[in-house]
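Quick heads-up: structures coming right below.
Shared between the two complexes below is chain A, which pairs with chain B and chain C, respectively.
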Partner chain A sequence: MKLNLSAKSAWWTPDIPKSPLMRRRMLWAYAFISLPILALLVFLLGPILFSGWVSLHRWDMLSPVGEMPWRGLSNYVFLLTKDSVFGKALGNTFLFAIGGVGANTILGLGFALLLNSPIRGRRVWRVLYFMPVITAPLALAVMFSFIFDRNFGVVNSVITSLGLPRQPFLSAPSQSLLTLIFIAVYQYIGYYIVIFLAGLQGIPQDYYDAAQVDGAGRRQEFRFITLPLLKPVMLFVVVTNTIGALQVFDLVFATTGGAPANSSMTVVLHMYNTAFKFSRMGRASAMAFILFGIILLITVIQVRLLRDRAYQD
Partner chain B sequence: MFCLRKPLVCLLLISLLCGLAGAGLAQDDITLTMLTHWGTEDQLAAQQVIIDAYMEANPGVNIELVTVDFGELRTKIITGRTAGISADVYHFYHLWLPDFVNAGVLAEPTQDDLSYIDENVAQGTIDAVSTSDGQIWGYPTEVNPYLLVYNKRLLAEAGYDAPPSTWDELKEIAEAITQVDDTGAISQLGLGVMAGWDSGIVHPFSALLFSNGGSYLSEDRSVAEFNSPQGIETLQLYADLVASGGTDPSISGLGDFPSGAVGMVIMAPWWRATLRAAEGIDFDTEVGVAEIPVGPSGDAPSSIAYTWLFAVDSNSPNKAAAWDFIHWMNAEHEEGQGSAIGDFLVNALGAIPSFDHDQAAYADSMSDHYVSAFVAASAYAHPEQIVAGGQEIKTLLQVEIEAVMAGMTTPEEALASVAAQADAILEEQRMMAEE
Partner chain C sequence: MTQTEHPLQGAATALKYLILVGGAFVMVFPFVWMMIASLMTAGEIQLRPPVWLPAAPQFNNYTELVDSIPIARLYFNSLFTSGIIVFGVLLSSSLAGFAFAKYRFPGRELLFYLILATMMIPFFVTLIPVFFIVRQLGWIDTYQGLVIPGLTSAYGIFLMRQFMITVPDEIIDAARIDGASELSIYWRIVLPLIKPALATLGTFVFIGSWNNFLWPLLVLNSRELMTLPLGINSLRSLYADNTNLLMAGTAVSVLPMLFLFIYLQRYFIQGIALTGLKG
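And then the complex of A and B:
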């Protein structure tokens, strides 16, 4: 199939093949394309629209859809003014995202710089850093529950052997979120190292050679060559990591379940509980739309800030 | 090759063959799906024996057993209904009953079933599986009152030969049992709690609340009453136990009592199978069961009891067959014999069956030192008050109890906050019912 791109006003109009064989092939092509489009409409756009409709109702998921009582914006008003757990979850989610994105970006870049230098066993290190990325998140969560156990965990054994006080980690409200951020960073940093590494290897060596001729030191090379040329990669890392962090669920579900006392409750976990434990699908849908709005806003701001700077540089 | 050359014809042929195969399978047989939360290997095997016996006695009826973990049971029921693939028979926690009834999930039992339940079950248990209008919605199964389960060896090592009967004694013994090593690791804990699990936190709290003369909701279930002075005293007990080291939420009573590292835990009878199999404690010589210690405002031991029930989905195309199956499982097969489910509850779980004939037939099995204490408690334990939105209230209370144990808030503030939210939920549910 060939698109007639020369005619701008009808760029989308395909050439209609004249031979029956070609026409049959084209029919099949359309048939195959139509399936994913149909799937997108049915499984993506449809649920989004339905979820928006549900967010304006009170629905327990058990009563017929046609009998949902209309609630207007009351679900949104309740979440933003009365639901203290949602406020707490939102705050936790922001902290989780800030901590996770910050650590992944700084440490990811740092390790990528190390792995990009001629150190011994570079390939082994790369594999080691990437292994948690391909490990099942639930398996990691269970493993870290044991590692950070207050009484029998390995980390506490090490800490106390150094003469430091034992820490409660996941079982204390003051430490549970911080511990979860650590686990999330451990889990995903390998992925961001690989992304940064690809970006670093895409910077032409000529720039560094020229800088060295001009008498630039390592620090100046990093500041005036590496960092500016890595900004598109940085944009990708920050945006995708932020979106993922704001949607965190499996790690929290499997380790703390939001406990103790909602100190590690996140928006998506609260959404899950509200929908399936309390049968308030309308309120949970409203939460999903508020989170969507927040993610969209943050992403737009991040893209504008980082993209503009990248272009300026 | 044919399919490559004539794909459309091939597709039609496959569809035709599938249709014919489906028609061939469609016979007069009835298939019922039963959803339960009894999913361990032993429990599955015991349930399958019951199912096989029924299918043998009732040719043409196939029973498919589906089990999920308790934590996922409500979600499974809800999503199954939404997806149009709901089970025919449910076994579920009675706290969810008002929500399910309001949403039209359940089919009303037949008149014969209602009469059978009415004649063979104690009124308190019937109330636990009925809505406020008196309508019974299913066959009650296990009755689970809460009592103090303790490790005799740990109490003796701490210098006590009897379990606590008052809160002061509870605090004293819990503190005495707890052992913390030089590094701050708790190697042995006085009273175990079950943080992160709503029933594991709220049921023991309620048992202590009732033993302190308090109540959970008002009698008409319209407002919360757990924020009464008795309730505040109960939550203060938790704060005191944490402060003295008598309890610690980082240690799981559920997991560490069977390993012999926890002295006391407030628990239900269905734990017997776990305790029997436990390696850290000898069930016959070391596990003791005592009444809930009495609080300063109480005058006698009390407790809370919850129930489960078998019911039929209102969407089931085979309601009559489903009720027949449930009746068969719960009815006495011969005079003086218990039911199949009674046998399962008593011998596989260690739970107390609801039906009089099961309590009589399996009296010997329930006469051991563990279950017999729970049988006695079931006579006076307060049935858990079921109400629409009850699950949400329970979770809110769990979180606040944990917050008090973590030192994040005071008992007064915690209970006032939950009570306000609970009252709003109850009011909302009333308005919903009136709509």
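And then the complex of A and C:
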């Protein structure tokens, strides 16, 4: 990210232009940003402040905003100590993110390396792998609910015709989360292949040529050229994928709904239920803030880790 | 590279294609199976041992589907709302991005930092308050309730600014000397120069809005306003026992978008790689 913020005018200096011509241009600039900034204030900045305020209260959204009973931090305390569903959801969401990000990164890089090697029909492969990325998560959820169905699913048809026992997949606590991770990886792997492929193609061929002159093998090339130079792309993939995975909703909503026995309940789904089924806006807002805090923390840690390693090499 | 004919190399190439074909099979199979199942009878889907193809393709599944849900209406709603959101985001992002990239005004840095900060806010944190605002405005179950909160994007403003900063100041100054107004500089000079960035942002926003589920689920109630993902969701309960019809409905909502993607895939994938590397 290059910001190019001019060092001359810090934000606190009222840098008002002198000439009337410059002043008129300044007014134009304000006109250009006025509506977008207003919209961001009303639909983003205002709401996040309001959400923080609500998280300290008890509110059902029907009673007037001014009369919300103050609850202090008790919503947070309840969630972190007493709400077992929230704890379960948090654990599931972490597992879902770890599994998905791990698989997407390893498989994404693996397939990108395959597609970057001399190969026929690169464009066709890329398109085939990318198809689920543009498909609505809800449609994929419906398709896979059928494919993994315990009784009539095609995967079980294949498994049983091989003489193996029928698997419950989405309908058993032991397999529901794993199945959801599989669907999520299926959905986004194509996106990460394209990103990794673009990163690989950005590495100058000269480096490999020079390494070959020095007698480096394939493995050494990968370790000492490809991986270090791919660090920024890796950072992008891991961070965006983690942020996205921690917010999963559609997929879970339309496959298991968090069942069985909350084995696939995730934080945003639990938040949705708490807010819009049980009208506990305060508790749901507190949930949102806990997850938001976790996302920020994880992002900072990931950026630090991946950056430091890049400097060491 | 020197091509020495080593027997191991042949095996490695074969393995490479084997992995690619295997992967592609996994990626494509769900779509193919959706189409096959959509042409089966309700009985054929539940047969044991299973059948892999319908005895006779049941095209009337699709006519039955069209009779029970207003598919054309769903398409119109999705296209209409996504179109407005794309237009709104492109216009607001490019105007604000232009101001941040090419004008000097008090508060510019502060406001821009504010935009960078809002970029990090995930949707679920603002969901409850935005829903509340929309309800207070009386916009529940309306197009404006669905569309208006999505008309600006902090990410869009950021992206547009990053691209517009690369437009040389000399071009803009020359236009000013020729007497061009600020608006016509924006419209006639800067916008045409950043067309690829506009196309990329537009694509992103379109896919996001086209596939969006949670927000329409909260805001819309009536069938007349439903978008495609909501339509699929309502089919889940309507056809709980008719998976063949459920698959027909999913196919109808998914396939046209897929064909469009395959037709435009070059621009699509280039744009996505571009923003991925810019980030």
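Basically, the second predicted complex is superposed on the first by the 285 of 313 C-alpha atoms of A that agree within 3 Å, B and C clash if a C-alpha of one lies under 4 Å from a C-alpha of the other, contacts with A are read in each partner's own complex, and residues count from 1 in each chain.
Keep this in mind: a residue touches a chain if its C-beta (ideal position, glycine included) is under 8 Å from a C-beta of that chain, and two chains touch if they have at least 3 such contacts.
Given the structure is predicted, the values throughout are model-derived calculations rather than measurements.
A.B. asks: After the superposition on A, what does A:Phe236 contact: first (chain B), second (chain C), both or neither?
C.D. replies: Only chain C is touched by A:Phe236; chain B is not.
A.B. asks: Compare chain B and chain C by how many residues of chain A each one touches, and report the one with more.
C.D. replies: The larger set of chain A residues in touch belongs to C.
A.B. asks: Just to be sure I read the superposition right, which of the two partners does A:Ala172 touch: chain B = first, chain C = second, or both, or neither?
C.D. replies: first
A.B. asks: Identify the partner contact of A:Pro69: answer first if only chain B is touched, second if only chain C is, both if each is, neither if none is.
C.D. replies: first
A.B. asks: Under the stated touch criterion, which partner chain does A:Gly257 make contact with: chain B (first), chain C (second), both, or neither?
C.D. replies: A:Gly257: touches chain B, not chain C.
A.B. asks: Quick check for you: in the superposed arrangement, does A:Ala136 touch first (chain B), second (chain C), both or neither?
C.D. replies: second
A.B. asks: Is A:Phe292 contacted by the first partner chain B, the second partner chain C, both or neither?
C.D. replies: In the superposed model, A:Phe292 contacts chain C only, not chain B.
A.B. asks: For A:Lys277, decide between first (touching chain B), second (touching chain C), both and neither.
C.D. replies: first
A.B. asks: Could you say whether A:Glu221 touches chain B, chain C, both of them, or neither, answering first, second, both or neither?
C.D. replies: Neither chain B nor chain C is touched by A:Glu221.
A.B. asks: For A:Met61, using the defined touch cut-off, is the partner it touches chain B, chain C, both, or neither? Pick first, second, both or neither.
C.D. replies: Both partners, chain B and chain C.
A.B. asks: Share the list of chain A residues that count as touching for chain B in one structure and for chain C in the other.
C.D. replies: Comparing the two interfaces on chain A, one with chain B and one with chain C, the shared residues are 61, 151-152, 276.
A.B. asks: List the residues on chain A that touch chain C in their complex, please.
C.D. replies: Touch list, chain A to chain C: 1-2, 4-6, 9-11, 13-17, 22, 25-26, 28-30, 32-33, 35-37, 39-40, 42-48, 50-51, 54, 61, 111, 114-115, 117, 119, 123, 125-132, 134-140, 142-144, 146-147, 151-152, 154, 157, 161, 186, 190-191, 194-195, 197-199, 202, 233, 236, 240, 243, 247, 249-250, 253-254, 268, 271-272, 275-276, 281, 284-285, 288-289, 291-292, 295-296.
A.B. asks: Residues of chain B touching chain A in their complex?
C.D. replies: Those in contact with chain A are residues 74-75, 78-79, 81-82, 99-100, 102-105, 183-187, 195-196, 249-251, 389, 391-392, 395, 399-400, 402-403, 405-406, 408, 417, 432, 435.
A.B. asks: Would you tell me which residues of chain C are touching chain A in their complex?
C.D. replies: Answer in residue numbers: 16-17, 19-20, 23-24, 26-28, 30-31, 33-34, 37, 45-46, 49-50, 92-93, 95-96, 98-100, 103-115, 118, 120-130, 132-133, 135, 149, 151-152, 154, 157, 162, 165, 182-183, 186, 207, 210-211, 213-214, 218, 228-229, 232-233, 235-236, 243, 246-247, 250, 253-254, 257-258, 261-262, 265-266, 268-269, 272-274, 276-277, 279.
A.B. asks: Considering the complex alone, what residue numbers of chain A touch chain B?
C.D. replies: 58, 60-63, 69, 84-85, 149-152, 156, 160, 165-166, 168, 171-173, 256-257, 259-263, 273, 276-280
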